[in-house]
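Multiple structures are listed underneath, in structure tokens.
The two complexes that follow have chain A in common; it is paired with chain B in the first and with chain C in the second.
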Partner chain A sequence: MVIGVPRCLFYYRYQTLIRSFFNELDIEYVISDPSNKKILEDGKKIAPDEACFSLKMFLGHVKNLEGKCDYIFIPRIESVKLDEKVCTNFYLLYDLVNNLFDIKILDFNIDEQKRKTEKSAFIQLGLFLGFSYNRVITAYNHAKEKEKKVKNNNILKQTCILNNNCKKVLVAGHPYNIYDEFIGKPLIDTLKKNNIEIVYSDIYDTKNIEEESSIISEEVYWTFNKEILGAIGKYKDNVDGIILVSAFPCGPDSLINELVIRKIKDIPILNIILDEANSDTGLVTRLESFIDIINKESAYE
Partner chain B sequence: MGNKKAYLGIDIGSISTKGVIIDENNNIICSSYLWTKGVPIQAVKNLLKELKKNLPDGYIVVSCGTTGSARRLIGIMTGASVIKNEITAHAIGTSSIYKDVKTIFEIGGQDSKIILIDNGIVTDYAMNTICAAGTGAFLSSQAKRLEIDVQDFGRIALTSKNPTKIAARCTVFAESDLVHKAQIGHKKEDIIAGLCYSVVNNYLNNVAKGKKIKPPIVFQGGVSKNIGVVKAFCDVTGEDIITDPNGHLMGALGVAILSKKEKEEVFDFNVLDLDFETKGYECKRCPNHCEIIAIKKDKKIIDTWGNRCERGAII
Partner chain C sequence: MNRIISFPHVGDYSYFIKPFLEKVTLEKVKIAPPITKKTVEIGSKLSPDSVCMPFKYNIGCYVEALEEGANILFQFGGGCRYGNYAELQKTILSDLGYEFEFYEFIKKGKTSFNYIYKTFKSINSELTRMTLLKELILVFLKIMIFDKSEHYTRKKIEKDEGEFKKLKYKFINDLCNERNIFKIFKIKHHYKLKRKTIKVKKPKLKVGIIGELYTAMEPFSTFNLENELKKYDISVKRFTDVSYLLFYKKLFHPFFRFKIKDYLKYHIGADATCNVYRLLYLKKKGYDGVIHTKPFGCTPEVGVMPILSKISNEENIPIMFLSFDTQDSDTGMRTRIEAFNDMLLMRKEKKNGK
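Moving on to the complex of A and B:
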């Protein structure tokens, strides 16, 4: 049996956990190809009109997995923290795919409000796949350790960059946009080409999130956006600029990014909205101008 | 041939192509302005011809810079020593003339921007994002609808005593609102003045949203030639708005100034008469199907761009 995992949306948040969990249980899995134009075009054809760029891409990834797997792994995520929500897309994915595709989907449901935790979701998944409770719980614990290790490692690497003397930019946005080969990669590549070091908003320890995000707003109930705000609060004094990256049209981002722009005045901020009709030319002009601002005097020599 | 050094700056925009030649003290010694008409290479050829003709005796161009949306294409072809984005170029050009400028409003054919400057250095900027409402294209399409020449627009607007309020959030809605206002009996000059105000309000509420606008303010771009819009900006911001007869040349001036710091080499005005060829094609090496542009000089590829990955790089 092969399980297909779309390389989109939740994937970038849970990739270490998902991969390690399946590896621990010796389950064969396939991850869809990195995003490309064909995947996007396929997604656009089947997506509802109002879907955001990222969701269109996601549906393309599901399409990409058709015929390559027996089951497809599409979590239904409603809330990952008490009293907080995630973007609606994350809890409609399951039903959306179920309606649009003739494909078998694995049950996986995280809803902290109803005490359906990440752990219980993985346990249920393991049991459904025919493994014993003990084996599943061990696999989950090992996967969780691995996730922690990777995370700490990334934070350590990022701390080195933050302590570095080079020009740094905090790229703040959802990991499924920033790390996507088609959505965020041209932006990241342009920054690197211009010798700008990148600090990522998702490489962030949420330990002090309440305090760090409250610099911008004390009450944000979208967990994913709150984490971005936390990262901005934590890193803003150690970077030369902030680039807010969002995919069109994103409800939570449009509100939250506006808040950031209004509240943070002491550091250059660039708001980049990516959509599927974008050419890289406009993006490059905006980024180059922003880099000139960051490099200040040296750009004029 | 002379011995006084001069520097060339070319700004190739989507609508118009601008060129200036400056002396060592940043004075414009000649300039040219013509339509791009979708063929940047030909436009620049014509531009260079004109500049060469108008260049006073005794000067020799030793460096060249390009800016504008075709900056890379033309920069490679002319062997420019500096290729710079238009925001930085405009800021440098403008602050060379208005030393203490703090804010630049720019409304062009298809885009609009605001640039905030402190001590000659850009500190912040914003550009219109997904929508082109309230740019030159909007005004010229409305002028057409009202059957007046876009060049008379400003003059007519100034005759209005009571500008009509027109919703300008979106070009489509503005147009239907405009028709509605005309049908219920608003005067033509009031509607025209109303359009000028709607451009300004749209600009201040979208592009300039949340930006601290500090005087002196310089207003540039094609729309700055419209005195109706200039007046509307004065009224709404309550500040003096500076427009410059050379406002359209600021980007070109900026890169010309930047090119002064680069390596000097005598510029050949006939450079574009060489056998250049550009070719756009779709790379089929992966599912991305990138649109790649290749420039050939004497049948040999000298540069390509547009590829998202190494697979598309053919040099």
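Moving on to the complex of A and C:
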């Protein structure tokens, strides 16, 4: 049996966990190809016109997996933290795919408000695949440990960058946009080409999230956005500029990014909204002028 | 300093909220100027670009109210993106240099009687729980009676245009000035009889409106879609109103979920789950077509669109998707309604002919 995992949305948040969980249980899995033009075109055909860039890409990835696997792994996420929510698009991934495709889907539901934790979701998944409870729980624990290790490693690496003396920019946005081969890659590449070190908003220890995010917003209840705000609050004094990356038309981002721009005044901020008709030229011009601003700013000091 | 309270419009509900706030806060309440093109212009100028439409309308209302001297503002919305409106709206308005206090009814997507009590207590220190409870019951009762009357008028098409509207404002006026529960029911009965004396035509078509709540409840945001439909002798059924949002939604949600289990396994956010049920319900009740309205980029509604299209294909009921933003021309919408009307009439003829 082969399980397909779309390389989109939730994948970037849970990739270590998913990969090592399946590895521990010796399950064969395929991950869809990195995003490319064809995947986007496929997604655009299926998705409604007004859907956000990332959702279109997601449907393309599911299409890409069609025929390559027996089951497709699509988590349905409502809330990953008590009293907090995620974007409503994550609510309906399961039902959307179920209605639009003729594919068998692995059931997976995270909803902290109803006591359906990440752990219980993974256990349910393992039991469904026919493994014993003990085996599933050890697999989950090992996977979780590994995830922690990777995260700590990344944070350590990022601290090294933060202590460096070169120009640094915080790229703040959802990991599924920043790391995507087609959505965020051109942006990251341009920055790297111009010798800018990148600080990622998702490599962030959420220990003091309440304190660090309240600099910008006290009322935000979208977990993913809150983590970005926390990262901005934590790193903003150590970087030379912030780039807010969002996909068009992102609901939560449209409110939160405006709030960031209005609340943080002492550091250059660039708000980049990526859409599917993007040519790189416009993006590169904007990034280059932003880099010029950063370089000028330190020259004045 | 004079304290004047104001709040953004949603449909005709401002008339009910005004006396309620007056009694609870004992301050002067001013209804924001009616929504016009100017309001929308102000709103869209001050709001972020890709934010959903209700936000822009709200900001426009607030600015106009502040210009008229209001200095205490209320935000009643909650859930979905609404829950996060307040913070950004506060920031935008104070960046403009206005001085005001801002209160929310729903914080972080949650509300309770105690929270509302504390909010009002900070404005009016003499408020007791009993008065608040009494006033809340009174205003909810009035709104429910009003919603029910609206359900009736939406279904009927009067022979002389505008008669229902005239009666509606008289009804609202009488309802809002009355504080005795028995007399409220008397007024309700009186107007019910009056409404029945108005001569009505037989509707040519029956159409249901489903979709997002703000576009459903605020006629200006959809260029008066319901009236536009009535011009074609189409009777309208609309589900979303305040009494639905406050009571029926919670009450019937498990039932809806059960009814649509073939299509949806999980709750998919805001009103989207209900909309799937409503589409099936309208089909069952023999409606000719369905119109789905939403602001541009409304996440759960956009996501549910493919599912609704699928059901519409399978069950053979036409559905039209309209999405609204702060555009200022209604020509596009009128053309689409005209075409939709023609299509439905042709379908009906074909059906009857066979």
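Following the convention adopted for this analysis, the second predicted complex is superposed on the first by the 296 of 301 C-alpha atoms of A that agree within 3 Å, B and C clash if a C-alpha of one lies under 4 Å from a C-alpha of the other, contacts with A are read in each partner's own complex, and residues count from 1 in each chain.
Please note the rule applied: a residue touches a chain if its C-beta (ideal position, glycine included) is under 8 Å from a C-beta of that chain, and two chains touch if they have at least 3 such contacts.
All of these numbers come straight from a predicted model, not from anything done at the bench.
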{"item": "Partner chain(s) touched by A:248 [first = chain B, second = chain C, both, neither]", "value": "both"}
{"item": "First (chain B), second (chain C), both or neither touched by A:182", "value": "first"}
{"item": "Which superposed partner A:99 touches (first chain B, second chain C, both, neither)", "value": "second"}
{"item": "Which superposed partner A:262 touches (first chain B, second chain C, both, neither)", "value": "both"}
{"item": "Partner, of chain C and chain B, that touches more residues belonging to chain A", "value": "C"}
{"item": "Touching partner for A:50 - first (chain B), second (chain C), both, neither", "value": "second"}
{"item": "Touched partner set for A:273, first chain B, second chain C, both or neither", "value": "both"}
{"item": "Which of chain B and chain C A:281 touches, first, second, both or neither", "value": "first"}
{"item": "Partner chain in contact with A:17 - chain B first, chain C second, else both or neither", "value": "neither"}
{"item": "Chain A residues contacted in one complex by chain B, in the other by chain C", "value": "248, 262, 273"}
{"item": "Partner chain A, residues of chain C touching it in the complex", "value": "47-52, 55, 80-81, 83-88, 91-92, 95, 107-110, 263-270, 272, 296-300, 302-307, 310, 323"}
{"item": "Residues of chain A that touch chain B when the two form their complex", "value": "33, 36-39, 182, 185-186, 248, 261-262, 268, 271, 273, 275, 280-281, 284-286, 288-290, 292-293, 296-297, 299-301"}
{"item": "Complex contact set, residues of chain B against chain A", "value": "69, 84-88, 92, 120-125, 127, 129-130, 210, 258, 261, 286-290, 306, 308"}
{"item": "Complex contact set, residues of chain A against chain C", "value": "46-48, 50-52, 55, 76, 78, 83, 85, 87-89, 91-92, 94-96, 98-100, 109, 217-222, 248-252, 254-259, 262-263, 273"}
